[in-house]
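One chain, subunit A, appears in both complexes that follow, with subunit B as partner in the first and subunit C in the second.
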Partner chain A sequence: MNDVSSQRGVDSIPSKISRPKYIGEPVQRLEDPRLLTGAGRFTSDIRLERMVHLAFVRSDQAHAKISEIDFGDALEMPGVLAIYTAGDFTDIPDISAPSRMKNYHATHCPVLARDVVRYVGEPVAVVVATDRYLAEDAATSIVVEYEPLGASSNVDGALAAGAVQLHDDVPGNLVLERVFATGEAPEQIAAASHVVEGRFRLKRKSPLAMENRAYVVDYDRGRDALTLYGSTQIPGVVRDELSRLLGMPGNRIRVVAPDVGGGFGGKGSIYPEEILVVAIARRLARPVKYVSDRLEDLTSTSQGFDEVVKARLAFDDDGTFIALEAEVIGDIGAYSIYPWTAALEPVQVASFLPGPYRTPHYWGRVRAVCTPKPPTGPYRGVGRPMAVFALERLVDKAAAHLGMDRAEIRRRNLVRPEEFPHRIGSGIIWNRSGFMECLEAAVETIDYAGFKKRQEAARKEGRWIGQGIGTYAELTGIGSRIAVAPGMPINTGSETATVRIDATGAVVAMFATASHGQSLETTLAQIVAEELGVRPEDVQIMQGDTAVAVHGTGTYASRSAVIGGGAAIKSTRSLLTKVKRVAGRLFDVDPDRVETGDGEIFVPGTNHRIRFADLARAVYSDMATLPLDARETLESQESFDPYLGTTTSSTHIAEVEIDPETLAIRLTRFVVAEDCGKMINPQVVDGQVHGGVAQGVGVALLEELQYDETGQLLSASLADYLIPTSAEVPHIEVIHLETELPDNPGGFRGMGEGGTIGAPAAIANAVADALAHLDLDITELPITPSKLHRLIVDKRATKDME
Partner chain B sequence: MKPAAFEFCRPSTLEEALAALQHDDAKILAGGQSLVPMMNFRLVRPERLVDINNLSDLCDIRDEGDAIRIGALVRHAQAAASTELCGAFPIVTEAMAHVAHVAIRNRGTIGGSLAHADPSAEWPLLITLLDGEIEIAGSDGTRIVGAEEFFFAPLVTAIEETEILVSIKLQKPTAGTGMAFTEVAQRAGDFAVVAAAATVHTKNGLITRARLALGGVGDFPLRMKDVEEKLEGMPPDAIDEAIRGCADVLEPNDDMHASSHYRRSLVPTLASRVLKQAAIRAAGVT
Partner chain C sequence: MTNETNITLTLNGEKVSAKAEPRMLASDFIRDVLFMSGTHVGCEHGVCGACTIRFNGKTARSCLLFAAQLDGANVETVESLGTAIDMHRIQKAFRKHHALQCGFCTPGFLMTVSEILETLPLSTDDEIRDALSGNLCRCTGYEHIVRAVRELVDERDGVPA
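So, the complex of A and B:
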């Protein structure tokens, strides 16, 4: 016997408190072999017999009446099967995202523009042809005549009195107005001895996944049943909404998200194209494929941010925060997206704005304004990148105002360990998380204390260096009590896991999540393996397929590890009980004495030892071994709903060097200290932090969807829409803290978005610090050398005037 | 983003290629790094594509004694790895690191870069700086166009629609010449916001000849001859004085990445950097 448990003897430490074997270990990603050898299967890889292809005619006007659509000779062109416009789909209801929120006006988005277009890129007509080239040839020969209707492409114009209305049923272009208030913020600010303020702006951004949106529909004419393969984060939501829109029961609609090449929120909503591929496949009784190209991705995939926050922070002589007041205006684009609504992003800005600090008085007003631009939707970090940027700039300004150290002012105001749970002014409740610990760990790692000296020495050499802190808290793994988007009538708060052992002894675990880069096939397998006593590579994770889950919404909002992982633990424990009961019968021992590990089932201190395959054979196949009543169903299904959420916290510190002559901004160092509870796989956590920070670098320094005053996109290719490359992303040092585990099944906290939340603020503060001797304020991101040049020139002009 | 239909031909001799260009709407395909994206956007829709990649005579870098001749089909990566070319013109090594990314450098050609004539691209700037002679073949034979007569406007050159850029000839510099290249770009590998390149020849501590060229500040790369003349016979210390005010005459474009004002502000900085670096290198090689 060389088994460790056996050597310990029956009465030594029970195995359930022994060190976890897989949870917390850097298990190699199970997805990697196929993805790294080009053997992944993405939607675009799917080719079906008799498959036809779509090309869309998209609006080249921002807001206009469609006066005529002239097909020309497009219908006679080679390979063309059909051309459809709005009138061909009067049976499909408009996409509309309802909400229980007061002062919310839903919009109605037809699958093809009907009479009116509301953004450049909106689908107006669709060509069906035998290949994409021919479909595009025909699409380019279709001429659409428009009568411009005006409408301002910016929020100031859209909110102005008498502004052209984009939707008849959205008065004043105001989709939502909401106020958060705790205490007496306006009065306190008026009476305070110290107030700092700013007007902060985060420009419009594209999620920009590497894989563009793609859909393939396989239609079974005989059963009137269909399978939609799509690059989506939310297959369950898509299935449920298709069922409603098309009037088909869910058991004849299967939505599969195969390998998906990134989402970042951009694949987390329902799209007109997604509904049309299904409707057309059904109408033509043929498989239909649509793969969007990069231009379509940049003009029609949901976009992120685009907000202005005017905020004021009042504090006393000691730097203790008293009150915060904010006006948040979100430019939500043309439609309120399904299912999240256009309230998602700007409301989250206002609700997270008080941040991880004790600020007794808060007043925040949100207005979501529609403009003739593509709809905004979820983007990694949702609301919090803007909130943290605005707040952390104010905190730095408060420190500068008092001549106080920037870390010290944070120490004085962060919620202290003994003060949890703490309710912030917007109503969010923070539970114990490492607010202070993350700050201290980051400050220590980056030698914050020594930086001032380095900075002074560098300035003497004519070098501009700066260091900036971004500290934040977020709610992750949000349960059904809160819901991911306020007032949204779908349940994003629970997950169900089904874990089974099949007749060969193999383990399958099924989820409604939809991993698109999060490594869930590895981390969920680690959890099931840990709990059941097998190896991660023995567990097949099935997800991203509505055929394996009755309900479930998918992967977004830093929820899958917490909620999916929690469901995995509950289900696997329930299955393990059955395994032990069966094994107890087989070994003729008390089931409590049965243990499992490395794919074996055994009784410590005895020679009872079988493999899972032996157990499965006894249950399913070898009918002579077990009596009828002992043949368990080796399958368990449990749901988990955290009800509330769990608090993840982090501090990012960036160091930059700015060339005083060219104003080129270089990130020289980046430290992240984060508390995500128990790590399932530190390598995966690092990867998520690195990717998130890289996107935060894009937010801070590069990425900007630029629209002109007529609503035309100027940065419509990757030559003009600039994302960070490896050359622009510094080495990122990550420090993991486990201050106190949350009270959920695995002790997990969500951490998929955090990198993007903290980085923009840290970088903005670092740039401002590097330029402190010039007294410049950084209020708009991305900040570029050309914009810095403008700021410096303006500052000089102002000084000269004085 | 699929190109419109086109006729494709791949001649194997220069004569066949020139004959294939005798067509109303033909385009030459070399590395395809600019043309193919433009075709995918349907910004250009040539009826005929003449693929010249089989013209093996255009693929070499040849040392002709006092000059180096670079075939039009030489790839950026090939140029950067050429000991003949980089030995005589170390600036090529320096500049090639700024040309996009490895995959593009492996496909893109020098002839293609010159014929495309992006005002911010590296090769047009180098050829302008180094007074390259561009050999262009047509049905009536070949003609030589000097760098200064080659670029007309953004994306417009002296090449006629029925002609093919065949090679570029660069006179080797005399001993005691230093060179330098630098650029400011949004990201590593992007087209330059502003690029600057210089050669400086010194003797006994004085500049005997200097050349300065700028990219990204006009319709095509510009030689800054005022500065060059001011530097003749001067010590390297005079560089900052010589370039003072040189940007005032420039009117760079405003675009979404950089304001005209910012571009102009970069000129003295980059000009100073490359001239000084070139002067140091010149002193090092004498």
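So, the complex of A and C:
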């Protein structure tokens, strides 16, 4: 660290540190020792005196009127303290996600179903008992009588004229409708000489974090104050909304996300259960614990995707894209989730559909439809996995139509380095990122040029192999100018960091982020250490706790490294200025001559050299060394709001082999080339890419929540809902490119979701390529052996008809 | 809880006794009665592997065992390996290769790895992947876990790094 960097002002960008030591290094994670030794503290590990346990009675009907709830002898069963239904919580307003968006109808979700249930798994009653086994015993003896109300579990039925309405205030089950238009897409498509089209579907899936949702409330009877420990990605949002719903000030509500076992979006919304644990703890004036099981996770945690995209792409003889048109229909389930609203997923499909290409004309319409299924919410990639899957399939179809190479058609249409910033037809602006560079790097690494020969040779041996490209761009670290979800009433665009040196010289940095696997305790410590001149292990990162931040939302949407990291840089530089000022007084030199490094504060070329502990003692404890006016508190707080967002780009290439007998699809190779700007910790970046790709493998080949026409979930266990194991995920090769650093402190771009965005499209294109000789189109993911079999049988039948 | 039985076992080298109902799962017993909370519960139907323990030396899903079955047994959980300040070789390899992110599935993986290092040749990465496929991880994509195990296998077999 030298004084030049700090004197250039906190916004001087990108940061140029003369001796980077920790940023860009694979620093071993500070969270690991506890997590590796069973000493982590997950919510379900928390045990408090006099703690009671909850078990929920959940609806076994999709859309029905509750005609009777018969407690039977449940109240007399051992250990049972109370049983509550909707009527016991009339003081708690319904959960409702407002939006300034036009043509949007908010839904109202009571914390326990009132009169009507709207999905299988919706909480209807809750048992409080001294022990979880006893609570579950009582819950199973409660009988709820329903009168079925119908309602279609699929969007076509839900949109049909005269369909049963799920909510009185959502006419025609249409929660929202929105149109994006730039230029004259329909006219251009009508006039174009070449058009490809398709109807693409991404099935409903579960985020499926390994830790099921869990909540524990510690209640302070003396102060009517509470601490909610919860498996959440958004403690700040939960605190703010609890304050509103319960009418309690924030200084009596503390929300802590302790160690959280993955989220992927599923722990990024507000749930009825986390409001109820709080209300019950207050009512009984004792601690309450609720740990959901996997069945509850699969039926009541927010779900992902579930869209149909009908799209057409027009292009000229050279393969230059002219126009894109799309109809997006999202099945959002029974409620518009708080705080994101039902717009989050389907609207982002339409926003990102034009992708990283220059397509002058775009028209996209989104409709979000409610059906009696669990609400959809954020899931890793949000909207973009669907958008990229649909677009990249169209791009491959366009190449096939023209007999053009699939990489070449992408080269011709990708936004070129000199064309940034580039506004796409939905209004998103891409800033400079390595679109073309990622494509070229991936193509080169995987021997794209040699694949056709390998494929021909394999086909002669009766083996079906295929290669597929998935290229995309995404917006990350989104500032306050752009809402993560359109019209949403909360600000997700800023982060505040507080960095301080205590009386012992130890460094603590506080954030409103909520790491649940992202390694923020390490990466944010690397940033603070780098800027302040200490070692990462000397910095304690406190986050996931509303007690350490006045405002802040949490960790989601690939934001924490960009926005949290930016706030860390600004605050630490501000603190460093104080450190130098105080040290300057101590050494009787100009503060600009003071430098820091490895936990020491010194003036080069002199014998002035002290440790941070010495400086802290001089400031806080030793009343003789410094005059009163020089003893300033060694703490700084700065906020960072990137205002807009920063573009991350990547190309994924997958190779598959399909067994002609069993139709089993095996991934044989996977290459990712990505540009996430400056890497804070390359090992952590690799880990995020690998994990994202693995979830993309799940999207493409395995994961599907199957609902029958009555809204019953058919894949309600981990033996039926399959996620990738180590045997299905291939070795993943990752190439990092750093083209031009973005215009933000640190030069970071978000990258936590990207793996899941590119992989489904790449795998779909590879499967289609492997089956090209059969002339099959891949339009629905996941694609499974049984679905492939159906496609082949249908194709034969069509041919026989002809 | 009138019909509780006495259960005496060796847990991580220490002889312990406690009472449990016949229906209590071994996973709940270990976590909630014996207060060894490193063993995690992810599905309670034997698929995810987060609750993997070593039961008389062999890996087992503690959610598929009853507490009563632990009577007289030698049980090892993740806490049997190392401590935060003195980690076991497997834990160090996991840290070095960033083989964990959220850490929820990790105790189960560590117990599985401790067994397969003793019992399987694991001469190829595919064999490692097969051997690990009974444990689900949602964060890492397994790549770094395979690398950590590869290093441990090479070390075991005296293969120069």
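Methods note: the second predicted complex is superposed on the first by the 784 of 802 C-alpha atoms of A that agree within 3 Å, B and C clash if a C-alpha of one lies under 4 Å from a C-alpha of the other, contacts with A are read in each partner's own complex, and residues count from 1 in each chain.
Convention: a contact is a pair of C-beta atoms (placed from the backbone, for glycine too) under 8 Å apart; a residue touches a chain by one contact, two chains touch by 3 or more.
Everything numeric in this text was worked out from a predicted model, so none of it was measured.
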Partner chain in contact with A:574 - subunit B first, subunit C second, else both or neither: neither
Partner chain in contact with A:725 - subunit B first, subunit C second, else both or neither: both
Touching partner for A:293 - first (subunit B), second (subunit C), both, neither: both
Touching partner for A:491 - first (subunit B), second (subunit C), both, neither: neither
First (subunit B), second (subunit C), both or neither touched by A:637: neither
First (subunit B), second (subunit C), both or neither touched by A:40: second
Contacts of A:141 with subunit B and subunit C, given as first, second, both or neither: neither
Contacts of A:103 with subunit B and subunit C, given as first, second, both or neither: neither
Chain touching more of subunit A, residue-wise (subunit B, subunit C): C
Which of subunit B and subunit C A:786 touches, first, second, both or neither: first
Subunit B and subunit C contact sites that coincide on subunit A, given as residue numbers: 132-133, 293-294, 717, 719, 725, 727
Residues of subunit A defined as touching subunit B within the complex: 132-133, 136-137, 140, 293-296, 661-664, 702, 704, 706, 714-715, 717, 719-720, 722, 724-725, 727-728, 784-786, 789-790, 793
Touch list for subunit C against partner subunit A, complex: 1, 21, 23-24, 28, 31-32, 35-45, 47-48, 50, 77-79, 81-85, 87, 91, 94-96, 98, 100-107, 110, 125, 128-130, 132-146
For the subunit B and subunit A complex, residues of the former touching the latter: 1-5, 37, 41-42, 184, 186-191, 193, 256-259, 261-262, 265-266, 269-270
Subunit C-facing residues of subunit A, complex: 26, 28-29, 31-40, 42, 44-45, 47, 78, 131-133, 208-212, 259-262, 264, 293-294, 516-519, 683-684, 686-687, 689-695, 717-719, 723, 725-727, 729, 731-732, 755
